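In the two complexes below, chain A is the common chain; its partner is chain B in one and chain C in the other.
For the complex of A and B:
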């Protein structure tokens, strides 16, 4: 019986090394097929007619003109007359036609009439929201009044972050095809290959087992692609009517309007501190919005369990489109609000925020020592001691430089994951699992785990993922994939070794438990010269391949949860133009045992860049009078370019003290801090808090104008 | 459009005005569904007129000639993806912002989402599929792999093509030139650090 653990550091041949992603050649050559790239023979194009009003009731739908157009093969009503529609861009009617231009023309020929209803599109002030503002929760601990009366200093501030969108480069959508009258082949762009089949089957009223979801590659998800969405089901209905495959993907404007957004969050905060920096009390009135759901309730205060707290949160229900999970739901908002307030408190005390944070780390829970260790490394990497100054760069000239810091946490844990490991009598290996690779390196890590476990080179492992007919594995969200899939693959590998060893042992005149698989050989641990090749050992299996089912959860502690990371940023701000430039950003991150250092680091680099995007550029701008997103395109929904991100340094905490925890996911944690880090660096540079993200030139200039007065501005 | 469209067009000798184009469009509704272009005289110049309806076109992509039939409004990007099944070039912003559709046309990088397919006829078009030589990756492609300049990979083909075109023009770029020269491609996963390193590696490695 195998002992289910990871190999010791000195026995790892691939785990923890820098391995290039195995699907790299397919991606750089354009051969990688995304769902958007699937063009089956006879395929029709689907186009959606979308609601032009933020809140409305449908009074009439006339599809007759479209139906008569040459080339139109099917029309499908998504929302019937009488339906209440709650955001601009919502799906109303769809058409399928022989090609995209014809489908576009047909969509334009469909007439829908609406009765407009009252709506709300403001989320910046609960008072303006009236009946749309709903008290969500309030709680307290300790004696807040006493803490504030005994404080040496009370610091007040207002902080917030607007809604942003996921802006996946591959839009949401699918190619849907009926393979017989009761079976669907769905080429879906998704973060959840296994979980989507039943969600497609249910509305189509066919057995879940009749739906096959296939996806080789996905062009970004970030939490927004756990569908299927109504347009995917609609594509399937159109396909059924027309008897042909139908491709329907969001246009870019729809993608930014309706395919998900991260909720906003705002808060008025009071912090009570002692002269020496000890945190005594926290009071916050926060609010958030993310559409009809009312947004998330950000964890406040973030990480620091301040002994005396009084908190009240309001949900603003509005008509700006649907919210969806966005990397580390609620954490970036909670982190920005908390770490801005704490930095402001440190600045009021004229204390170095690094010293302030370290002083209060006893409130930071289980990862306190990790944060302390990480802060030391980050401070060295960014030159904190040398470069930090009190709030407000006093040097002459318009360019002001500043440093900021923050810290973050995330849970993770491994999701449920099944896999089949097939070992053939000729020694060839295949791992089958209905997981997906979001570009995080899931394929690569799975092959590393199997190859390292079986003592084989990476190329010896054949991997099949991205097909719902394979053993089920969880959706990729919440940083749960790597711990789930690697644990399941490791267990399968160890069980397969047991079976192979049992067959090979007699020939090597040894007991199965005395064998090991190293360098393509199966050999006796105490006498490595007694060996046979992997293929020779597998030949002992007989004529039939063996299939081993790996599972997560399962025996042994292969995965874990709960990580801590810290980040620091060095920025320059031009106080004449309000433009913020990134000089350097440092991330120090733990994630337990790292399977592939190269793709792990890439994920942290990517998180820093995504963080720079939302700290400096991203905002879903909605017109309050129309409820319409004003920037549903990539000219005005800004992302950072290659020249906007400065120098980035990533340091992974690995080795003793970390590896023993097992594998922990990395998708969410490093994207939490950047908003706070950069906001703090800007405040340190220009001497005043810019209260809300993104730190765009107009916001920076407005904050400078108000310098010395109240900084409460939206 | 102004009322003096016709006059403006005549003065500049730029050919077909919007008004005469509309007249032509009206006439051609009675022609068969698929046809090549016709030549008409407008404002004293001979002009090719396409569509509406599908027209036959020939594209030279990665050294091969392809025939297709598309409406004149179809972009080069959609012709590549839909008609030729060359799906390496991606549609993302669809309006010349993000660079995911970058191809090389007569030696210059272009956003294929913003070029009409009919306008790309007679030009040498290179897509990401045309960079490999047999089974051998182009040095830029190899450098993208070595430096992990990709995550989800949806921006990657456009970025690879843009880097190739950039290095053709700037064989020994400085890091500053890389950041300026590749500012026309956007990535959502955040692979820029890898891309910077990849371009410098490919530059050193010679192409």
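For the complex of A and C:
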């Protein structure tokens, strides 16, 4: 029986190398089909009538005019008269018509009346939220009063980040098609191919096995696409009524308004420190919004288990759309608040924050040594020693430069994953698994695992994913995919090798356990000249292909969880205009054994860019009196372009101490730190903390003005 | 997008005959970078689109030493930025055009469209009207989120900012715009082309519903030193938060005449005679430029969320003056 472990470093042919993603050419040439691109014959277009009020009760719905319009094939009420609606843009009634303009005309012809209800759209101050502010939790440890009374210095600060959205370039939605009167084919844009089938089946009252979910490529999810959503179910209902496939995807404005947002988080913080930088105590009053749920409570203090703590959190219920998981839920908020407060404490002590953080790493838990190792590398890459200065760049002129740092953690253990590996008598290989590739390189890594395990080239592996009829695999969230799918694929590959070796061994006059598969050959380890090709070995299987089921969890230690990463940023700030420019950002990250170094680095690059976006630009701007999002577009919901991101440097921790931990997820951790890193770098540059993200000119100038320094005005 | 009628005339006479007496009758389609988005968002609902891209006489750039620069309304922003004679004789125009928005907009957007584009006010774009009022008729901007709104000329009823980046420069350079309508052609200073709408049925420019912009004429620069300064948050596609254009006539090291025009700060391109007066008779120094910047925003007021734009406008004016005095864009 196989020993379930990863190959030793000297035996790896593909694992850990820098391999370009296999679907790159299809994507850049436009041949890759996203669910949005699916247009089955006879397809109808679905359009949604959306609620124009932040909080209202439906008093009447009149669909008669729409139903009579030529080209309209079905009308579906999503929310009945009497329903309470809790955000602008919520689904009310849907239509399906022969083309998009007709569907839009029909949607406009539907009359819905509402009784407006009180609502809350402010989250920046619990006092302004009245009854919508609800104490959520409070807890403490140690003796906080004593810690603060014994401290040499107490530093107070206010920090926060507003709600932001996911900005999936492919909007949420689906093409729904009934293949018979009890079966649905769902072309869904999703992060969860396997998990979505039963959630589509339930409201449609058909057996889960009758729903097929298909998706080849997805244009972004970031935690917001574990659906189906109400509009997907509605599309299926419209399709059933009309007897035709129905396509319904959010328009861009709806996408930004109703397809999920990351909760805000704000906190007033006090930190107690000794003169030498030792952290003694933490007090925080925090609050967060994020829809009717009131938002998550960010982990405070982040990473550093300060011995004495007193914390209180308030949830603000508001009517601005639903919150959804956003890449590393709650961590970026907790990291921003904590690392800003700690940097402010270091600045108050006139200490180098790198020295301050290193000094307190014994509070940082299991990954403390990893952080220490990573900080050394990051400091070299950004020139910390040479470029760091005490808070406030004293250089003449309006451009001030500064450095900042932060650190982060995440779990990343593998999710449950099944796969089938089919080996044909001619030696051809197919791996089947109902996972999805979010653009992260899942396809590429699966092919690497199988090819490396069987001693074959990458191209020898045929891969089938993105179809719920294949063996089930978990949703891609929580950075759980890579450890899950690579482990099940590795187990299947090793089991398949056992079967092939058992058949090939007699012909090579060897025992199965003495064989190895290398370079397209099956050979005797002690005498490589005794060999046959992979195809010759597989021919010994007989006429029938074999299918091996791989599973995760399963035997052997192929994955683990818990990663540490550090980041540093170098920024320039024009103190006359408040405009922040990125000079350079460095990310040093561990994620255990890396399957594909290139796609791993790409994920970190993507995280840095996403992080720069929320640090400098992103904000779900809401008109407080209407509860309406004012920037549901890609014009005033600002995202960075290539010219805005500066130089990005990524260093992955590999080799001894890392590889033997097995595979760990990477998607989330590197997006945690950028807000804190950039905020700290700006504070270091201009000499004052800009309390809230994004670090836009209005906020930077307001902070400078409050400081009242000579920089505040020209 | 709603259904509409499409006409594609070959002459300007045909074009204006296809336009209506009311704004809702028809809209002019040139680059379409603004109009098509407005139609998709259901903000404007023209019954007819009149495509003017086939009218050849609206194209082309000519530069002559005596008469200056003539820019056809259909010239794209990128064509203007790349034109060798514009680069040589009007470098400030080429540079300013080359920095507008992003390459996609510059390649499609036209000079006529740059002047005629509609405001980016997010209440207007959400369908609350050009003057942005709620169901009870209360203006939304003063008590709403006005971070990108006007700091000058903002006592109402219009609070949006004029979105054109080229207009302030054309005004600083004393350019005129030629229009054509059923009664023939007329020519007005670009400065007079922009007006503040008083009612929802007004527009932001002095153009009749059945007139089109045909060309822009910029007089020779002569010895004028000109520069612009744009403050925007992103390098990638973004709108200016404040913009200033300056044209200085210098003699003996002192400013003898000045034009200072700001963009993105008021419902119209905002000429600051205060800043001009502050400069005349002075040598351009950090101090005098700063004083002119202060003068430019002396009458500015915050609507609540946009006070920072006063500082940005001040800096834009200062930096444009200093740049111009160094010789301007060469």
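Going forward, the second predicted complex is superposed on the first by the 707 of 714 C-alpha atoms of A that agree within 3 Å, B and C clash if a C-alpha of one lies under 4 Å from a C-alpha of the other, contacts with A are read in each partner's own complex, and residues count from 1 in each chain.
Basically, contacts are C-beta pairs under 8 Å (C-beta built on N, C-alpha and C of every residue); 3 or more make two chains touch, one makes a residue touch a chain.
All figures in this text were calculated on a predicted structure; none of them were measured in a lab.
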Query raised in the report: Is A:702 contacted by the first partner chain B, the second partner chain C, both or neither?
Result: second
Query raised in the report: After superposition on the shared chain, which partner residues are touched by A:21: those of chain B (first), chain C (second), both, or neither?
Result: first
Report task. Based on the superposed arrangement, let me know which partner A:625 touches: chain B (first), chain C (second), both, or neither? Result -> second
Report task. State whether A:62 touches chain B only (first), chain C only (second), both chains, or neither. Result -> neither
Query raised in the report: Between chain B (first) and chain C (second), which does A:101 come into contact with in this model arrangement: first, second, both, or neither?
Result: both
Query raised in the report: Counting only touches as set out at the top, which of chain B and chain C does A:30 meet: first, second, both, neither?
Result: first
Requested in this report: Tell me which partner A:380 touches in the superposition: chain B (first), chain C (second), both or neither.
Outcome: neither
Requested in this report: Please work out whether A:426 is in contact with chain B alone, chain C alone, both, or neither, and reply first, second, both or neither.
Outcome: neither
Query raised in the report: For chain A, which side has the bigger count of touched residues, chain B or chain C?
Result: B
Report task. Return first, second, both or neither, reflecting whether A:39 touches chain B, chain C, both chains, or no partner chain. Result -> first
Query raised in the report: Where on chain A do the contacts with chain B and the contacts with chain C coincide?
Result: 101, 633, 635, 640-643
Report summary line: In the complex, chain A touches chain B at residues 20-21, 23-25, 27-34, 36-37, 39, 99-101, 167-171, 217-220, 222, 251-252, 438-440, 598-599, 601-603, 605-610, 613, 633-635, 639-643, 645, 648
Query - chain C residues within the chain A interface of the complex - result: 1-3, 41, 102, 120, 122-123, 125-126, 134, 140, 143-145, 147-148, 231, 233-239, 241, 290, 293, 305-306, 308, 311-312, 314-315, 318
Query - Complex interface listing, chain B residues touching chain A - result: 71, 73-74, 78, 81-82, 85-95, 97-98, 100, 127-129, 131-132, 137, 141-142, 144-146, 148, 150-157, 160, 178-180, 182-196
Report summary line: In their shared complex, chain C is touched by residues of chain A numbered 101, 104-105, 253, 576-579, 616-617, 621-626, 628, 630-631, 633, 635-636, 638, 640-644, 696-698, 701-702, 713-714
